[in-house]
Amino acid sequence: MHLLYSIFVDPFMQMGHAPDLLVQTLWDGLVSGVLYALIALGFVLIFKASGVFNFAQGIMVVFAALTLVGLNEHGVPAYVALALTVVVMLVLAVAVERAILRPLVNQPEIILFMATFGLTYVLIGLGELIFGGDPKVMISGELGLPSGSYRINMLGGYVQLQKIDIAAAIIASLMVAGLGIVFNRTRIGRALRAVADSHRAALSVGISLEQIWVVVWFAAGVVALATGIMWGARSNVSFALEIIALKALPVLILGGFTSIPGAIVGGLIIGVGEKMGEFYWGPLVGGGIESWFAYVIALVFLLFRPQGLFGERIIERL
Amino acid sequence: MTETEARAQRIGAPVLAVEEVSLTFGGVRALTEVSFDVREHEVRAIIGPNGAGKSSMLNVLNGFYQPQHGIIRFRGREFRGMKPHVAATMGIGRTFQNIALFRGMTVLDNIMVGRNLKMRGNLLQEAFWLPAARREEIEHRRAVEEIIDFLEIQHIRRTPVGQLPYGLQKRVELARALAMEPSVLLLDEPMAGMNLEEKQDMCRFVLDVNDHYGTTIVLIEHDMGVVMDISDRVVVLDYGSKIADGTPDQVRSDQAVIDAYLGVAH
Amino acid sequence: MAADIGALDTFPKLLLHHAKVRGARPAIREKDRGIWQTWTWTQLADEVRVLACGFADQGLKRGDHMALVGDNRPRIYAAMCAAQCLGAVPVPLYQDAVAAEMAFPIQNAEIALAVVEDQEQVDKLLEILPQCPTLKHIYYDNPRGLRHYAQPQLASYDRLREIGSEAAKRDPGFLEREIEKGAGDDPAAMFFTSGTTATPKGVVLTHHALIDRARAAAEMEGLTDRDVVIAYLPPAWIGQNIFSYAQPFATGYCICCPESAETLMTDMREIGPSYYFAPPRVLEALLTQVSIRMEDAGRFKRALYRHFMDVARRVGGAILDRKPVGMAQRLHYALGDLLVYGPLRNVLGMSRVRVAYTAGEAIGPDLFRFYRSIGINLKQLYGSTETSVFVCVQPNGQVKADTVGPAVRGVELKFTPQRELLIRSPGLFREYYKNPQATEQAKDAEGWFHTGDAGYLDADGHLKIIDRVKDVGRLDDRTLFAPKYLENKLKFFPYIKEAVAFGHARDRVCAFINIDMEAVGNWAEKRKLAYTGYVDLASRKEVRDLITQCVEQVNADLAADPELAGSQIHRFLLLHKELDADDGELTRTRKVRRGYIAERYASLVEALYAGKESVHVEAQVRYEDGRTGQISADLSICDARSFPPAAAREAA
Amino acid sequence: MFYREVGQYKTSYAADQALLPILQDRIGIAVILLIAFVAVPLTASNFALDSVLIPILVLSLAATGLNLLTGYTGLLSLGTGGFMGVGAFACYKLTTFFPNVNIIFLILCSGFFAAAIGTVFGLPSLRIKGFYLAVATLAAQFFLSWCFIRIPWLYNYNISASIEVPTKTMFGLAVTGPTASSVTRYLIVLSIVAALVLMAANLMRGRIGRTWMAVRDMDLAAELIGIRLYQTKLLAFAVSSFYCGVAGAMMVFLWLGNAESESFNINQSFLILFMVIIGGLGSLLGSFLGAALIWGLPIVLRHAPDYLGLHIRSATVDQSTFVILGVLIIFFLIVEPHGLARLWQIGKQKLRVWPFPY
């Protein structure tokens, strides 16, 4: 009885009693949701265009952030370092296309998936070899990102909003909008959408598959860089981030592997759900449920809607 | 008594019947109030132009699709819709238009899978390869070898099915369905994509199966040619509705059928 | 002349003997339902008992004939023995013969009862039933597809067994009594010779003849009941009957029936026969397979293969014959045995072969040496249906490529002035059934059998056969011309499938050649030579050059032989179609019918001798699916270099 | 070339369906077993046993477990580490509750706990496939990892939050704990692995193995043949988890001697998955080859500089190892996507038809 009470009644009473805390939790959830969404976005871009489940997206975030900070540490001015990092991500995209995608074309999904594992190892090793394994501090100041926070009094208490979080949200929105434009307005974008439907259709647009792969991996790299900067500004730049990047997986399940809006909405739902779960229900079991709560949300969701939020119903044929 | 008479005599009472079956997919009508029956031991063909709803009909028969209206009667029992493994348990076997073999396995293993419903071995017996498991395995291997011999595929017994040419894959699929010892066998375009010689072989096998095992056969074809020679009765579907039903000769001379095949506008 | 063969003078008696002394040993294995099903001698004897009682019940009597049509199956052999138990004469017929070809033997032997394998054979017999009123019972082994056949003559093998079982129960001693009545001089079987020109003749062989010859060869080779033979040639052919019926009954060894023609290679590899027979065409096809597959191998393996085959060619034969060979050479060969010959014998399924025979026609010496050089004890033998096969056999250690060995125990040989070989042997046939005239022609009053083969004994007493007496010709300058000898030499090249040589009463030798589609096709692919089909391929300049090289090679060889140097091939053409038994150009055993071909392609022959550059041809061809079509083509005629005879060269 | 198969014919289905129908294979396995059971214990150093052979054997078993699920049944799982952990902690609790029961028995029993948990987490496989299922199993992984940390009861409320393996004896010989000799532990691990792999091979040649493969190759057709997908998939999860659980228990009790929850985290799952993929999906042999390669390679790389006489900072070596391992994984996938087992298959086929190419 007590258990049921503490699961189904108590948390909601708490929410009612302290609405400011509820808003704060929601906000925190949304912010981490934005970051999940960004990582998921990287996944979706690549999966949509090349059918590769890119496990290395998480480490790409770390690698991009490390490169940025590392370059800066070696005396490269922040904005130059930023530009250089973008170039590095381009080089990476080309390398991936040449060394992995091209030789493995037409292999089963799982093989490509495993290859991105290999890529993960390579990036971890390279990152540590070049920049060392210690956590680093993001150069948010140098990049002109705001720090500090707004304190808004409301609902009988107050809610604290970090400026960097607001910036993150804005940048993320801009990025999504930008991608949207690229997708819908440019020739490359049309090819990208075509390739998601059928490889041959893409070829008929006159763009080679190889080019498309480079473009999406590069786009995913840039998204990873942005994610890395945001994330790094909030905590540190370290390899621990790689595991957190796995949080993007439940997001994908929620949103579907090929839907960009799905990635955004899914990210926000997971972010909010996870924070709420941790804050209101976590104490019941000793806390720390953040590590798996997102998966459980996704799993429950999956059982009722296997095709995801925005996916179409699958009719199986024989 | 001639051979034809002997063949005609074996046909018995209806075993399978569909009554006013309708099936829609998200508003698209695949089947409209189709009714027909299948008699014991007969070779029953369902023909019709492409997209006439033949495959949907077969999928309804063995429970892969659930019809919105109508009932299926099988050996005196009524079903609103079948469940695939229930259909399998009751003795409805099936082959597929686009070969649905287990590509990573050998011919022998594919056919052995067909024996699954008849096998009882449990985890413990199999893990320790106890005499019970061994006996069962051998017993069913024997049954499978009969089928391999019957369909003349001895030489490819150990070949992974993925490496076989199309015609042989079709034959292996028939073998796998036969391994279930079905009383009714549904064949989905068994001769599609074959050359003349392969078609003749397949016809012979279908007739032999019908003859030797007494299996009732329901087969789909869009090509009228060969099927007419081997069927006892033919149903013709067009745009999801039945337009004719009768012996091959009756059907062949039916105006609606001729129109459907010549593509006269509706 | 009649050598004593003891008390076990009929096959049924031998069967009972084996059932008694080695009842649990395998008599016949059959790959069926995926495994080698074994019939022990006891089981075989039991089966024969049931069948014999069944046959007797169905009215089969002493002296009657019974037809057997089917592949090598234990039940066919059991039926054969069952008939012999009753003193009836089994007549095995070729299972691939068309219906019309079966009518004659059935009428000739007044056959009332037939045991056949399956629907295919039943259909054929039913087709000729109106011409064969004597045929009253047809028993089929495989009931597949026969369920609705309503003919009263038909019954299944299993039904026959039921009848037999009941009859055996009623009179358990029946079989033994019947077997006792049999004697060695009774006819044991009748084989119809594949008449290439005339009507077939039924060769009647007695138990005595067959058993005596089977034993003579078995003793010579030391065959025991541990030997294993794979039965894959038509049972209606005397050779197959000797190796898979007479000799196993004589020695008690086990025969193995493959599952189907497609699985023969695999099945043979599984069984690993110790005693093997193959006509030259089979050996040739195998070697072609070997060559083609080796061509596809990687550079390293090809080099390895070529190197060690060179070694084998030099010393392999000598080592097999236990002749002195240097230590270094021996080691070299042993290494080759590990790396190439052993594995090769293994993939060919011949690792365990102790004795292998080839016969039926002359074998190309290079082909012959190939098998010997890789350590397979392949030997030639000479014989025919009329002689119960074994006339001459090459003994171990005395194997030559161009002879067929000395006479086997009990055989006498002599020659007519025309070089025709005459034979007297305990294995001779009794008569041609209902054909006293032919019998008289073939077998004279003193019991000499006139073979029709031309040949002579060489210095070691080995028989050398050149050709059929009637085919041996002379060029118009009286030079000896043995067409088959030339053809065989050509056919040894993997690229040449068939050859027909002309030259009798002409000024020089010319030839038709069929390319081997598989080998030449492979060769062309390697050279990125596109072609559409046989006709196109055969008309390619590159292919003509390839074959010209082969012909010139043959000419060089011939030049070395003083007797035959004059019959070098001067001109040849590549035929526009493959010679085919269905068109009557080959016999069923794939021998070329030279006369018929010369007649049919007279214009081509003329063109060869008229010295033309090319000749236009129009012909009807039959495609694989049974359709026929018209083709027309210009065939180029090629000239081949010839060489001065070795003797002349030495003199010069 | 060494396969001389002439004369190896089968006169019964029992012989035809034997695990190793070819004589030369039987000899090969016999030789390998002889080496493993006799030669190795006599000659191998403690380092070789503790750091190379025991880990490879334990990991092979885990890989076999995952291979049953992923390679044979076609269900991708990323929860292997978690299921191994269940086995390990179950075994630890069992030794606490039943201190006098034979340890080998307990190790095997702990597999059943893993099987039960695995079945529960396999439930989503009834609705979802492919990567979606993989993510669902990740949920299991993270949830279980969390349990291993947050439920102190599991590690008997140790301050260090880790398992300390008690010393257990059999026939007076220490088999677990700090005093157990490497050879003893090696032989026990080897025996268990050999027995379980034999059982797996038996399963795969019988009805159950065939239904799994049928579900893998084409689940719809399998269903229409009368295979119940739910039961089949859940059974696969159960058996697979059993193997992983036993491997986990052996890992703690017979290899490491102690363990923290870290040993069973997501990285472990990925590592095992690597072994299966590099070794060969759907091949028991592949599980061993993959484990040997993925475990052995870093050891070789780590020691290579010493052998070559180079002196490199150990951190640098570790980092380079990562890079090289990553590159090699990609390389192997490109060279033979079907894994090492396929390479062996191809090689064996070449030997069988030698000197022919096919």
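Order as written gives the chain letters A, B, C and D; numbering starts at 1 within each chain.
What we mean here is this: a residue touches a chain if its C-beta (ideal position, glycine included) is under 8 Å from a C-beta of that chain, and two chains touch if they have at least 3 such contacts.
In this text, all values refer to a predicted model and were calculated from it rather than measured experimentally.
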item	value
Number of hops, chain C to chain D, where each hop joins two touching chains	1
Farthest chain (mean CA position) relative to chain C	A
B-D or B-C - the one linked by more C-beta pairs in contact	B-D
Chain centre separation (chain B, chain D; CA means) in Å	42
Length of the line joining the C-alpha centres of chain A and chain B, rounded to whole Å	50
Chain A and chain C, separation of their C-alpha mean positions in angstrom	76
Per-residue multi-chain contacts in chain D, two or more chains	12-13, 16, 220-221, 224
Multi-partner residues of chain B (each touching 2 or more other chains)	64, 96, 100, 141-142
Junction residues of chain A, two or more chains touched	318
In the complex with chain C, residue positions of chain B that touch it	1-3, 6-7, 108, 141-142, 145-146, 148-150, 152, 154-155, 157, 196-197, 204, 208, 211-212
Interface residues, chain C side, partner chain D - complex	29, 34-38, 269-272, 290, 293-294, 296-298, 301, 304-305, 339-340, 342-347, 349-352
Residue ranges of chain D touching chain C (in the complex, touch as defined)	1, 3-13, 15-16, 353-358
Footprint of chain D on chain B - complex, ascending	62, 64, 84-85, 87-89, 94, 96, 100-105, 109, 112-117, 119, 121, 123, 126-129, 133-134, 136-138, 141-142, 176, 180
Chain B-facing residues of chain D, complex	12-14, 16-17, 199-200, 202-203, 206-211, 213-214, 216-218, 220-228, 235, 239, 282
